[in-house]
């Protein structure tokens, strides 16, 4: 019963023209669905969505395989899959992640950004315990329109990034950790209490939400706001 | 011991030139400081900040009075005060609040936006229990570059707004409520779990953080990103 | 050890005559019981309950199959099964659900209402992020004697429904969500803090409890209160 | 910032005709407002509401005195005040409270019921640790259309009442208690987990919400549903 | 890593003579141990403990079978097993449980009492929603030296029992429930906040601890305190 | 609203003869009541209770003074007052407390024990960080019928005491501490998870409850169980 | 009741010779004591402690004034006071604090270190949002034997410091913050989940505990371990 | 997604020379990785780390077997494995554990200490409920440079140890327990609130972090601080 059910969110039907215009993708939340179910939903959406891509999040290995079997040129990163061609990127989102375990959430954010029509730059392995990497990434962060920072455990990376650059920062806590991380609560609270102004926060592991938000902002900055 | 102490955050000193260029204000967190202390800090900052305004948040009635006594043409809204002239607004942020009790936090967000150099449109009293007001505000929300939504209790307003418009939504939970609102926890969780994509969240009662973030985005969209 | 054990709640034995008179069903909580155990209990109850139906909640797929194998004309919706004929409906309960993932809980509520002798109207897929569907459902909600609203994630739907109509609203939070939904806690708190008066709340995923309550009210309004 | 601000909830303005027809009162949440502010709001509402009463909740002693000074024939019970005449009661709500400390919340529920046009019977001091009183109250509970049960500490009374009678039960947890009652959390969880079916729950100390809900149901049962 | 490891608690070795004198059993916490491991430990303890019984708690079905295979005349109730003969009972403990799902914890308490040398009377299925059964059990409760009350969900039964009789009450919350029972937290808080004086509480599902405590008290009252 | 209202708990009226026979006192919860109110209630109870004492808990300094003014030979210890003569003690309860800040709760437990007709031995300042004092107290603990252990902060003392002696231990967590003690939660959880069997727990700061329970047990062991 | 009561902790009496040898101070927890009480306790301890200093923590302004009135050459920093001369410092502890609001806790840590016989270097205002200050402090941190890091809000500073240097880090979360900082819980969890190895944590606002621990380590490294 | 990913923490690359000089090991967090993945990572690290050992934590049985298959002379204790030779020990760390279930965490701490170049003494089975064992271990604890105390359930052992000796104590709460231990929260809170000064705390089950910290301190005391 843990499916937020993006496919049945009324949004996509409220204003279909605006969606086509903006290039927002159709979305399928893969968790809790069988590979066959996901393939069937994607097929339906792909037929109806014209040249917009279809985004699948939280796809397990068997679902990823089933999607690639049907759409061999789908784009896959971790548990996220995009079926269909991306629109040309408008604006730039930097997706920064702290540890290798945060990669699936960062991938979800990055592919969502691309599926929403904005461009992406990935920066990985920049934990706060190794400041030189954060400092080295500064030019990339300065050039981006928005920075998405993905981190688990103590969730300190958004504060460090937010103190370095004036770019808006969207923080995504992950459930990476154990013990007193309480399934991502520690990272979530850390990010909400960031001492750096200009940091906003998404739900735990919600790379999709961060990606949609960041892409909207980046597209608008690039002049593409509908 | 509840002063996040914006004035001593290194940010303002990291890159002074960028701050002057962007028009970001100096900030004083008024809570826990005496009126005399706040006036003294503001005087120092105002002398050093050139034509940038100085923003005071969480100012009690006596602090507000002391600030107005010293700077009669300061801008005051609720517990937020701005000393000095605003820069011409670049971009537009809509600040939407649910109930009259949410007004101080909405005012903090709105004056912060203005002090950060972006323009503001206020929409008040649009609780989810009275949908007609939300629907009536749609044109304003559509025209804005970013929407800041301030709400306490169940914190449902950002979901409703996020379902209506494609504009990026920054949600601010407030501590308005009693019993199982647990000091704003209910609104915070509600906003983090919003079923509308494109909603990001700030700390409870953190109108300042939402304002800084929204102003950065709006200024960038308006072409003012440094 | 998670079986509330409806079958051994003394209620059914306190006042057997009243139960027969009102048409309240016997209930079996299926979770944690084997298919064989459930079939055996249902058989015993069906033999003793005269013309009242027997309600099974939280039945897994194998239990559903076992029940249909024994009672081919049982009524099944999701994880809820009713063995025996329904009484003619007295009064009307509208069961409204937000997303497709909330369907099993909504089905539990709806079949419970019917098994308790009241009539049901289902309204599905009316999330707050798609207000037009909520608005379209208003006539149905106005005509009902009670509205049961089932929603997960931020749990905002009861507030929207409670603001639209004067009908009493029974809200059921579901465990649908992830991360900071904390297993339904977010939806539960949201509903308890609803800004719309006239909203009451049940335990997380407790469609059964909402159904019993709503049916009692609807039957009374229809003149059937014993 | 803890004012849910009933007066600015859009509900009253959505459908004025229905409100007049049903007899629902205007409501002022007194907490956090000065006596003068409350008097001014009540005066405005009373002038505009025709023959409907105006309800004030969470009124401190000085606010109660100020209201009585202006409207000497106002009805007062604990921290709840009603200005104006009640409509003739339609239907009956039994308001049951456990201890003397729960009295203010029970009074809020009871006066709300009356202000909403339904009739009230009060039953006091029926804690679960003295079962004979609960048993003695059974005829009253059986005769009511709805029972509102107000209790703090372990919140066990709704389960006992719900096991005794088939009448719908609306439970209101109170913040009465100390230590591990955690401000009413213990009573709230106890009521949500009630083993008696047909029990629904309101926010901690929310006698107003229980009263509105119960009155709507009682009026409908009595034939007064608009 | 969830084994409290009764066997390695120093207690048994602190004062071996006293243990033999009092008849306290050796204890093995079965959870997380393989059947073979449990059998081996029990064999060792049984050889060393003279005529005192060996108590095994939290034994899964395969462990129970392995124990019965080795000691065919062992006493088994639910997940609790006693190897060896009981001492003649001194004093009486009444173990009362609310629902059928609470039975394994009640069995753990009851067998522990017996293994600790006191006598036991079991009373089952006396939920607060069926008061007549509680009232019917009053003579048994009055005659006992101590009452152990085992209940999940809202945990209201100890309050009702504590209000009926003057016998000391030891309450054991169970993890029976779902949703807002939060794994037994609801029952635990309810029991800690009991409005009936003379109620003390054990950890969730800790029938063993309640049994040891109650047996010590009952033996002392019966004159057997060493 | 934090008054559990012992005076209106039905217990005292359920079985008046038993109360007189056992010597249980009438009880007034002083917190939240004015000195005048407490004096008036005590006067009424004292007149009706024959030779049984009247116990007042949570009495502030002004209430203590008012009680001593009216009853100069009342017994006072910290915030607990007993008006009237104690019955001759039956059985012995040892009340052990960890730090000087735990003294008021220990006093409430000790005077309650005396008012309930059992004898008391006090042992103070035996924190776990000074084991030699705990060890020195062992003969007293061994001689008692029940041990009440009062401790705040990490709440470790009951485990140490429970490992030393076979006497039943009733643990009372106190709200003494700061930071992560979370108002006594740390001590409460520590005591519930005690690795020493035979430890049961009361609500935070509930010296009264522990006293009633311990006195009942001690009186029974001494042969005084009614 | 919030006094952990350092003065009555048995520790000081366990092994008086060792204390004199190590130079550990006597300690008085000032919170909850009147200025007169603190002065009296300090006078007694000073008379008995020979040349060891007496440390007072959590002293309010009036207590500080009373101590200075009696001992004009006492050392005061924020809410911490030391009466008597310090021993010559052995080893070096660096006390690093993030914001100005964290100063009182940092002062408590620093004066405790000195009173325990180790040397102190203070580094202030090095929030993670201004990395250049942290980097500038690196030589000082490298030279220290132990680093105590004091920070509120998101508590990220210990991770950054722990990633920069190999020196052992003792982290002290403070209650500085608001909203979702939940009284220091956010900082506490952040520090417990630090991604930098070699970081250990104290209770919220517990500068005293960090100081004692760090001084013991520094003295040992300096060759002064008894 | 629960891998803190020690291998990708920038620390090891920040200052490679210092690491070689200090003898700190490379670390692999085994949980969530396949045996093949772990073997491959260890092989890479072992090739690059010269004579420093490689430490693997949280290795399941199959991973342990795979590591032993490749490196037959690896050191294994519970779920911790060290590949490569240890440096000669500098300084002494005593690792004390409470129950047999705490052994894997104690082993992780002990092997980490050795892999970090310090010496280790193990003390096992010294629960607070059997004080004689704690007292017997005092000479070992006094001789150590640092004491690591590993305990679950109520987490009381660090307070007892901290009261006995003046050696710095690093406490590690474990997730051992059930019910109200809430996955180690009870032990964590108990240790944070320890009444014994000089106790610092690590994350739940974080033997690795305690080992790194303790080894750094012990090496420094032994004169080996780089």
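Order as written gives the chain letters A, B, C, D, E, F, G and H; numbering starts at 1 within each chain.
By our rule, contacts are C-beta pairs under 8 Å (C-beta built on N, C-alpha and C of every residue); 3 or more make two chains touch, one makes a residue touch a chain.
Because the structure is a prediction, the values reported are computed rather than measured.
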Option reproducing the contacts of F-H, where over half of them reappear, out of B-D, D-E or B-G: D-E
Far-end chain from chain C, centres as C-alpha averages: G
Between chain H and chain C, distance of the C-alpha-averaged centres to the nearest whole Å: 51
Whole-Å gap between the CA centroids of chain A and chain D: 46
Interchain centroid distance [CA atoms averaged], chain F/chain G, Å: 36
Chain centre separation in whole Å, for chain F relative to chain E (CA means): 26
Residues of chain E touching at least two other chains: 4, 9-11, 14, 99, 127, 129-131, 153, 163-164, 175, 177, 179-181, 185, 188, 192-193, 195-196, 203-205
Pairs of chains, among all present, that meet the touch criterion: A-B, A-C, A-G, A-H, B-C, B-D, B-G, C-D, C-E, D-E, D-F, E-F, E-H, F-G, F-H, G-H
Of chain B, residues touching chain D in the complex: 99-102, 104-105, 125-127, 129-133, 152-153, 174-181, 205
List of chain D residues in touch with chain B within their complex: 1-5, 7-11, 13-14, 31-32, 173, 175, 183-185, 188, 203-206
Residue numbers on chain C that touch chain D, as the complex places them: 4, 6, 9-11, 14-15, 18, 22, 24, 27, 145-146, 163-164, 166-170, 188, 192-193, 195-204, 208-210, 212-213, 216-217, 220-221, 225-226
Interface residues, chain B side, partner chain C - complex: 98-99, 127-131, 134-135, 153-156, 159-160, 162-164, 177, 179-182, 185-187, 189-196
